[in-house]
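Each structure below is given as structure tokens.
Shared between the two complexes below is chain A, which has chain B as its partner in the first and chain C in the second.
This part shows the complex of A and B:
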């Protein structure tokens, strides 16, 4: 395997992780709490892709809009059940409620599909694309393209539209946003819907090359969590960049050394970062004041 | 008598509930006894977790890992070296505790979301080591052949003997936990988890409390892990996996996070739940998650919390009589020749903004010093520097001649600086008396002295009221009573008149004047000039982080620089 192929695979994994991390940060900014069920939402997106592919026998790229719509609904449900009733409680209560939601998702998936890994649909078919002297995976390239498209779309939505401005305002200062007439609860629900939609896209993207198993959520959530820490708590672009680096690092280290070494190094690096630079590599957005 | 009976109602009802849930299984013979042993082991784990999660409010995700490390310590020492339980059990307790102590210094400082992540990273590393250090741990297959528990050569057989040992350990750990968190200490922990800044300002060493809780949790988890290894006879990586933590978290949340009975009840119920739900097969874990979610939403204090509330309603006890007020001993007087507090060149910057610019200030013993200044002039920063919440970048802060800058806020509070906050930081869900008692550092003297300060500030009538239900003026006085209860040499108040009605302001001013008249040194920072000019013996005006005027109130409010700061330069002429 050439270094270029390795790089493309790494970027593909990192791009999917970036969507996971972006969704994680969206929910984080809207609720100020960690959504421990986020990885399980990605897993749910993966199984949704498996089911849709079974029903419709269409390539993944066509199934994507269905997955996005259904997962957005699931995100609204998650917020309504596990976040909104607890928003005036200390954030740790939301940590626990989302852990509970994650347990439900994971075990419902096990009960339905069994514990064995399942393969989701490829986006535009498998095989390789010849690029001069290089043969690159078609699925990996498609994953990168879709993830980049989704990320640009998210960026445009947040930066250029009135909805995006309202979302950001409601996340930054809910009291002030409410005083300006912005429906903060609705914005929170939209943020969770977007977060889950991104999880759904990531789940579909990952489900083909990496399969999907009911228990994978914890690991995905942990990677998004680490990415958000590396990138600066609350920073969307920072987290996406952090996730891209994690995917790239994981792919390269797993090939050159071993999967175990890659994971151990990642956790050790995380503990070092928390020790030396808890504000993240790019700084936190909001400091607390007394 | 009646009171003692009422107090024992909750544990009694919890035990009945636990018995009702487990009786069918115990009656079922050896399998039932085994389940009950497992329940005891999980009760140990949950009792430890209550301290760090329930009381200190930190979501540690390493509790399962500490359990697993304890199990592996016993497994490896017993299988590879053939050591006795009298050696392996202490090792299983000490190893997780030592690990917790090692990581505590960096991780306990972190904010809640980073603390959760750091402990999760730690747990993942432990799991990786267990799976991959095959020579020592047996890798993914685990370590078979762990002998049953033997203490000093005496074998403790599985069945009734082990059950008795396990539940004796539960009783011992429960007693320790109750000693550490019972009664008034529960309230201290509550302030620590709801408002650590207010806790520090009252002289509570939040770092030490958190550290102790984390260590206790790790030690209890290690002991539970050791017993688990003996019971199962095998240690596999499963003991380090996330489900152990989930089980422990669920027990504490469902049973009740801050009551000893909650941990025990939670463990009993959740260990037996899979048996009760056996008919629904694979879906039982979904129900489990659903129950956890429902409890955290609808009964945040768990079953024991709901039980205790229900019993209070069913058997309403006569309200306990208010404690008899006890006047505190007089604080050592500061010689009037020496200032109580001095700042020399105190400077505080936030990024590019200099909030305090080389401030020199002396607070004389017994004075009522008013500090005025427009919004953003650095008044609150000044209070925060004086009370140690902020560390000045340059300059020194002296309390009765001793340097206090750089000391943690709780030390400065213990040295005699008490403060109020711009918005009173009280435990809203607790009563007025309890809130004020938190100010007294001697546990036994707390109720009497708290009552003394309630009377002094005219709060006797609301002593039993919930703080969250009080209007702003009363909340302010509760906070001042709490500050005074810590017997300070110096009382710092940050905009106490903000949001108060004119009548409330009058009452507050009279209360402060009385305190000052009795020799309490007071520094009041205030935006409202008229309120402060009438109250203070000396006035200082702060503009853009510097002192621009100082002297008797009458002179300072007419000072052209002060007028300019408040009204803009063009008003200077008309005022003069």
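This part shows the complex of A and C:
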């Protein structure tokens, strides 16, 4: 297996992580507090994909819009339950409420689906695509394409539409946005919906090759946190880059050294970045770090 | 002043000094706490453990009734569950969690309260502390890893196995047992590397393992990682025969993979109920499926056998925890998976088997039995 093939796998993994991290940052910027349930929302997206595949017997790419829509609704529900009632309380109250929401999601998944890992649908089927001497996984290539499409779509939404401008304004200065007539609460709900929709896409993308279990949310949450720290707290592009780096460390660096050493190197790189550039590679925009 | 009739009867018994002990009330089944992790990272195995105990207790509702508590993953949760179970009155034994760290926390309490713990935990240390109140009904690493290595060397004729193990306590102890067994058998480990359970992509470590040109690939991983590794290996060229750890025998692990991906894959285990082999075992497997709408695994069967031995102790007249402990320590019990007898340290299970998949379905066939560590 060549480094190129492993590189493609690493980019595919990193691309899925990038969606996780982007969703994490969206909710962070909207609420100015870490949504600790975000990893569990990714897990929920994975289980939703398993359920949809069982009901409809269709490939993942067809199920994707259903997963996005249902997860967006779940995001609105999460915001309504775990964020909005506490938004005028100290930020720690939101941490605790999202931690509680995450645990509830985890236990609900265990109760409904059992503790065993489940495999989600593949996007366009398995097998490999031969490119000259290289055999690249069809699923890995599809994951990269879908993740890139979702990320570009998100970027266009935020940068080129009125809704995107309102979302950014509400995230940057809620008081000023409200004074200008922007419905800040509605924008917060939209941000949580987008965040959950991205979690749903990531959950579906990861659930085929890497399965889904009720307890994996914490690990995904940690990766999103590290990615956001590397890229710059609150920076969407920075978090995506950080996530890609994590994916590449987990594959390419693990091949060159070892899995354990690659993980140690990743954290060493994180510490180095924090030391040399505490604000992250792209600088911070979020008001506070938690 | 009139007293209800039962109060008068109670007073009469007490006055006569004939009030029976809670254990001696033949009409009332005794309480048997079932303390198992049904949430958290060990929920899959813990649920099997619970189901095995419940199925056993279902056979003797007149003798004992279960009281299930979830111990999740923290030692203190298990300790609290144990204290709560004992605070409600005496119990003859406790079905104790399979999570090693929880067992280690419970051992001093069991010794202090003199209550036998019946478990399927694989953690080696729990029976190495001289605690006479622990009874393990699942073969430990010393048994299954020996079988694992013997199958690789003696049956597959491999001399340069590559070992990929988990970096958890479970993985480390298994890796050590495998290394010692391969050394005894004269095989040279061509490659070995630990992988964290959070790792998703196994192609990097497999690629490195294949560079060492091994003649067998030995996995000692948890359930999800085992499936991830086998799926990754199925997409790579030049992969030798895979002999996985006991996680691969679990039907839930096989369900993650296509039958073609499983072709030629073998695994060690204490037992494999879905592989059948005996009418009684097949009847039990059907009963399990009917009760829990799921396929049983070796943990469920081992806990069933362990709980049945506790019931046998009660049937023999043992009532107090000390009497049940003595029965478990001194008796031989013919279970469905194997025959159990304590080695003096509380290790009750001494057999292992190797199962293999033929690529046609997800039901493994028994390829080799290692009875009492012989063969």
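We adopt the following convention: the second predicted complex is superposed on the first by the 260 of 290 C-alpha atoms of A that agree within 3 Å, B and C clash if a C-alpha of one lies under 4 Å from a C-alpha of the other, contacts with A are read in each partner's own complex, and residues count from 1 in each chain.
Assume a residue touches a chain if its C-beta (ideal position, glycine included) is under 8 Å from a C-beta of that chain, and two chains touch if they have at least 3 such contacts.
None of these values were measured; they are calculated from a predicted model.
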item: Touched partner set for A:175, first chain B, second chain C, both or neither; value: neither
item: Partner chain in contact with A:130 - chain B first, chain C second, else both or neither; value: neither
item: Touched partner set for A:89, first chain B, second chain C, both or neither; value: first
item: Touched partner set for A:107, first chain B, second chain C, both or neither; value: both
item: Touching partner for A:263 - first (chain B), second (chain C), both, neither; value: both
item: First (chain B), second (chain C), both or neither touched by A:210; value: second
item: Where chain A meets both chain C and chain B, residue numbers; value: 106-107, 110, 260, 263
item: Chain B - residues contacting chain A, complex; value: 53, 57-59, 106-107, 110-114, 116-118, 120-122, 124-125, 128, 131-132, 193-194, 197, 242, 246, 249-250, 253, 281-283, 285-286, 288-290, 292-293, 296-297, 300, 384, 389, 421
item: In the complex, chain C residues that touch chain A; value: 38-44, 46-47, 167, 193-196, 198-201, 203-208, 210, 223-224, 227-228, 231, 235-236, 250, 252-253, 255-256, 294
item: Residues on chain A engaged by chain B in the complex (per definition of touch); value: 33-34, 81-82, 85-86, 89-93, 95-97, 99-104, 106-108, 110-111, 218, 222, 225-226, 229, 233, 260, 263-264, 267-268, 270-271, 274-275, 278, 288, 290
item: Of all residues in chain A, those that touch chain C in their complex; value: 1, 5-6, 9-10, 13, 106-107, 110, 114-119, 128, 137, 206, 209-211, 213-215, 219, 250-252, 254-255, 258-260, 262-263
